[in-house]
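In what follows, chain A forms one complex with chain B and a second complex with chain C.
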Partner chain A sequence: MGNLESALFNIGYLETLAYQQTPLHRLDPRVKLLTTLVFIVAVVSFGKYEITGLLPFVIYPVVLIAVGNLPPGYLAKKVLLAAPFAFFIGIFNPLLDRAVLVHLGPLAISGGWVSFASIMLRFTLTVSAGFILIAGTGLNAVCLALDRLGAPRSFVLQLLFLYRYIFVLTDEALRLARARALRSFQGRGMGFKVFTYMIGQLLLRTLDRARRIHLAMLSRGFDGEIHLLRPLHLHGRDVVFFLGWSGLFALMRWYNLSDQLGRLVTELFQ
Partner chain B sequence: MHMADALISPAVGGTMWAATAGLTVYSAKKLKAEADEHLVPLMGVLGAFVFAAQMLNFTIPATGSSGHLGGGMILAILLGPYAGFLVMASVLTIQALFFADGGLLALGCNIFNLGFFPCFIAYPFIYKKIAGDQPTRGRILLGAMTSAIIGLQLGAFGVVLETLFSGISELPFASFVLLMQPIHLAIGIVEGLITAAVVSFVWKVHPETLTLAKASASAPGHSHKPLLVGLALFALAAGGMLSWFASTHPDGLEWSIKAVSGKEELEASKAGVHGVLASLQEKLSFLPDYDFKKPVGEKEVKADEDKEGKAGEEKSWPEVSAGKSLAGVLGAALTLLLAGAIGFGLRRYYAR
Partner chain C sequence: MSHHLVEVTELHYTYPDGTSALRGISFLITHGESVAIIGANGAGKSTLLLHLNGCLLPQAGTVRIGGLPLNKKTLPQARRTVGMVFQDPDDQLFMPLVYDDVAFAPLNLGLPLEEVEEVVMGALARVGASHLKDRPPYRLSGGEKRAVAIASVLSMSPSILVMDEPTASLDPKTRRQLIELLKTFNHTLIIATHDLDLVMDLCRRTLVLKDGRLAADGPTLTLMQDEELLASCNLEKPLGMQGCPVCRRA
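Up next, the complex of A and B:
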């Protein structure tokens, strides 16, 4: 089951990236979460035909990847893997919107293609911001940030438990699937009946494990609080990070910087 | 397939985020009040179970394609609506954060589409009515099938509406609906079958799990909530869809005025209080005439057409319009809010 193993690997690797010690990782997680949200809102608030206005926003992922020592190739691959979600909706635009919007020399480009490019650009920006948030912060810290920002405690705990048990249970599911594959001589596909029995077995083992794990946690003194090695303090640099980036996003939203730059350069040459 | 950020506008994303956040807080509160403590690790484990089960694809015979479990209904049946909603929300959050399966801004929309409809609509109004108290094999099957199908239809329709209101994708409403609803009907049937199979299995082998949900659901006291929810839904549906079927012919008053003076609306004087109030109304009304604001040129053309006595084409009916739907839905919501506020205020006043 390549799917399950690669999923496990993906989550694990993203979390190990979060254990690094870089200036990005030392920032307060609340600030990183909020900045990411402001970034996404800014990117998404452009009109549907905007392309050049979106390009300056690339600076945010680029800077964070550099400062946080994150692997750009790996992140690019993940973005590519997730791309079909936006691609298959966006591809309707060129088919439906054929009115010519702009001429690039001899080529006439319809509005549909422009909006499609805009969609893919938005997608890349927002998705990479999301991955950078996790790789630069780690799920524990993100959950603590959510908790401090007002999310209900049971939801945050649920996220943490879920994350923990994904590893446990994908392991189980992997074992079940491998056992079945070995016993069926790699039989193609999985009949419906076998599938439901397997799901049922998985469910029952899950329920048993839940009770054992909960008792174990209670015995070790679990009381509902999330603990991090680094306590949460808001430093000046966190505030500067948030205000600085938000200000920049606002500036890039209202002034099309790539346009301005292009005009500046062409004026210099004239 | 969950909605991506690239296809959403901040307005739609923000609204759905607010709705989802409200629901999450509400569910957490209800959970704290009613459920016993050991439900929390069970929720985490079941969430991971749904996450893992979603990765197991099975082949659908005779089509050569494969499908996978959605999970909303199973969670609602085994955990109750509040815990089920929280678990679904957490699964979608992890998927969005680690796999970009759905954007962060769109997370509100996705949680609403995939969590609210199965847990708060399909489960209490369909599954519990059919199979709640006396779960027999047949009833579980019927209940699971119906609730899964309807829950998925509602969720798919939610996606269509949210994409439409964002205005980034070019897909027109009619074709998008015709695309989404049948596919999700097929998916719903499969999900219903899987849910029924899993729930029957659990009921045979471990029946006390099914009573867990009953224990954590709200006590059967006399509650107005189902009625309120039903009314709110009807208002939404009426505002959203029935508004298109509103007749485009002038209403009684306008018709009489037209018969008398030849125009549908009397011109008020532009000066004095009338003028000030009219210009104020024009500035404030963001959905004039129950539709999106038309740009100035179009408005003047329309006025000319009216004067010529509709020499041009008749307005099509039903007048499918996103603006009208938005106007209808917003109007319904605002009306409900106003009514609720008035009712609340009155209660406070008389309770003294």
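Up next, the complex of A and C:
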């Protein structure tokens, strides 16, 4: 239960981070969203055994964390929390793909392990870019950017409502969980059967709340259309941010910088 | 000023599960009146309120808002005239930011954008919540949420304000501030509540509901002294009218 509470607190913290005033936070949300997308596409588009080409991309999260005054430890923990998904996607590669690809001295590394490492690296890069986007912009602003960039309205609204009520819902779930824990003794009452009742209860309460929210919307003239109004202005710095990073991503995508650097260093020492 | 009238005649409502919530209620509320609706749990207060702006439509009897009978055709007009403040602000504040929420109704009414800004800031200033405009609603305290919920209704400039349990879950000082705020309104006020001291402070007239019927309708002061009536409706004299707890003297 303590975990549930601290998890909730953590989501709230992500939102708190978005309230800072740093050069990163002042950028137009559309620009940050697009740059993040370009970053993700660039990272994902590499071949399956690529590792060295991916490494230079670390610069993007590092710079943004520094400029946006974001806590790296906290973000790392968030990324770690999502890691099992990528882990289970990649973990079968070493079993299926056993052809030796690289020799590191006496150590022979199979293609499976290389592609597994590549998956984990991509995962870390893309997911941390996503978290940085939220922490540096705020989900509401990201939704607004999505809307302005032409994402389907219903999708944007779903996301906004989800974010608005996730706190209310977790609060409600928390109260249920607490009420049960307080009246359960020696493990009795904590079983799966009661859990299913609670889930049902939560669903009913949610439906009821949805009905009340709908009434509240109707009471204020809701006619199927939600108007989001907040002007967004594109400044010079936004354009520079987008073009600069996109250019760098393109460069890093087509020229393997680690490889070039490696060659340079070996040449120097020869 | 006939467009501020609320007239309910022989209103009946039975929920789909067979619970008969209203069994023939009639009353007339005129312009500028502040009226309390009190009664035991399950007496039908909330159901009655939901009829006042057409969240529920009468099964029998009529509701007239400003002379117009409430039906599907007149709904938009009625909803603009009657501003409803729900009991749980979390139900009412559904937009991402406070500003968006207060702007929700004016935008739906099709106000030009420059006016929306003005109306929204005016409504927020009215309830003393201008500084909250860029905050998400789930980060507000209970009292702030309540204030913003009221602003979100004021922004469509209703003539009639209907509130369900406005002081529920407020701390005493916030409750007092809310009462002082409501005193400054010259809207027609209709308040359903268990807070009888609030009723004493705000409402000159009181409707007492009992089992879906009107048990009494009259001046608040008179009704609150009728201990027999209050007891029969699961109510008690307001604390302010009871004796001092130390010396037992009124």
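Definition applied: the second predicted complex is superposed on the first by the 238 of 270 C-alpha atoms of A that agree within 3 Å, B and C clash if a C-alpha of one lies under 4 Å from a C-alpha of the other, contacts with A are read in each partner's own complex, and residues count from 1 in each chain.
Throughout what follows, contacts are C-beta pairs under 8 Å (C-beta built on N, C-alpha and C of every residue); 3 or more make two chains touch, one makes a residue touch a chain.
Just so you know, these numbers come straight off a predicted model, no measurement behind them.
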First, second, both or neither for A:Leu37, with chain B first and chain C second: first
Touched partner set for A:Asn140, first chain B, second chain C, both or neither: second
Partner chain(s) touched by A:His233 [first = chain B, second = chain C, both, neither]: neither
Contacts of A:Phe161 with chain B and chain C, given as first, second, both or neither: both
Contacts of A:Leu207 with chain B and chain C, given as first, second, both or neither: first
Partner chain(s) touched by A:Ser219 [first = chain B, second = chain C, both, neither]: second
Which of chain B and chain C A:Arg153 touches, first, second, both or neither: first
Partner chain(s) touched by A:His103 [first = chain B, second = chain C, both, neither]: neither
Intersection of chain A interface sets (partners chain B, chain C): 160-161, 163-165, 168, 209, 213, 217
Chain A partner contacts - residues on chain B that touch it in the complex: 1-2, 4-10, 13-14, 24-25, 27-29, 31-32, 38, 40-49, 51-53, 55-59, 61, 66, 69, 86-87, 89-91, 93-94, 96-105, 163, 167-172, 193-194, 197-198, 201-202, 205-206, 209
Chain A residues within the chain C interface of the complex: 12, 15, 140, 143, 160-161, 163-165, 167-168, 209, 212-213, 215-223, 225-230
Touching residues (chain side chain C, partner chain A) in the complex: 50, 53, 55, 76, 79-80, 83-84, 86, 88, 90-92, 94-97, 100, 103-105, 107-109, 113, 116, 136-139, 152-153, 156
Residue ranges of chain A touching chain B (in the complex, touch as defined): 1, 3-4, 7, 10-11, 14, 36-37, 40-41, 43-45, 48, 78-79, 81-82, 85-86, 89-90, 92-93, 96-97, 112, 115, 118-120, 122-123, 126-127, 129-131, 133-134, 139, 142, 151-155, 157-166, 168-170, 172-173, 177, 188-192, 195-200, 202-204, 206-207, 209-211, 213-214, 217
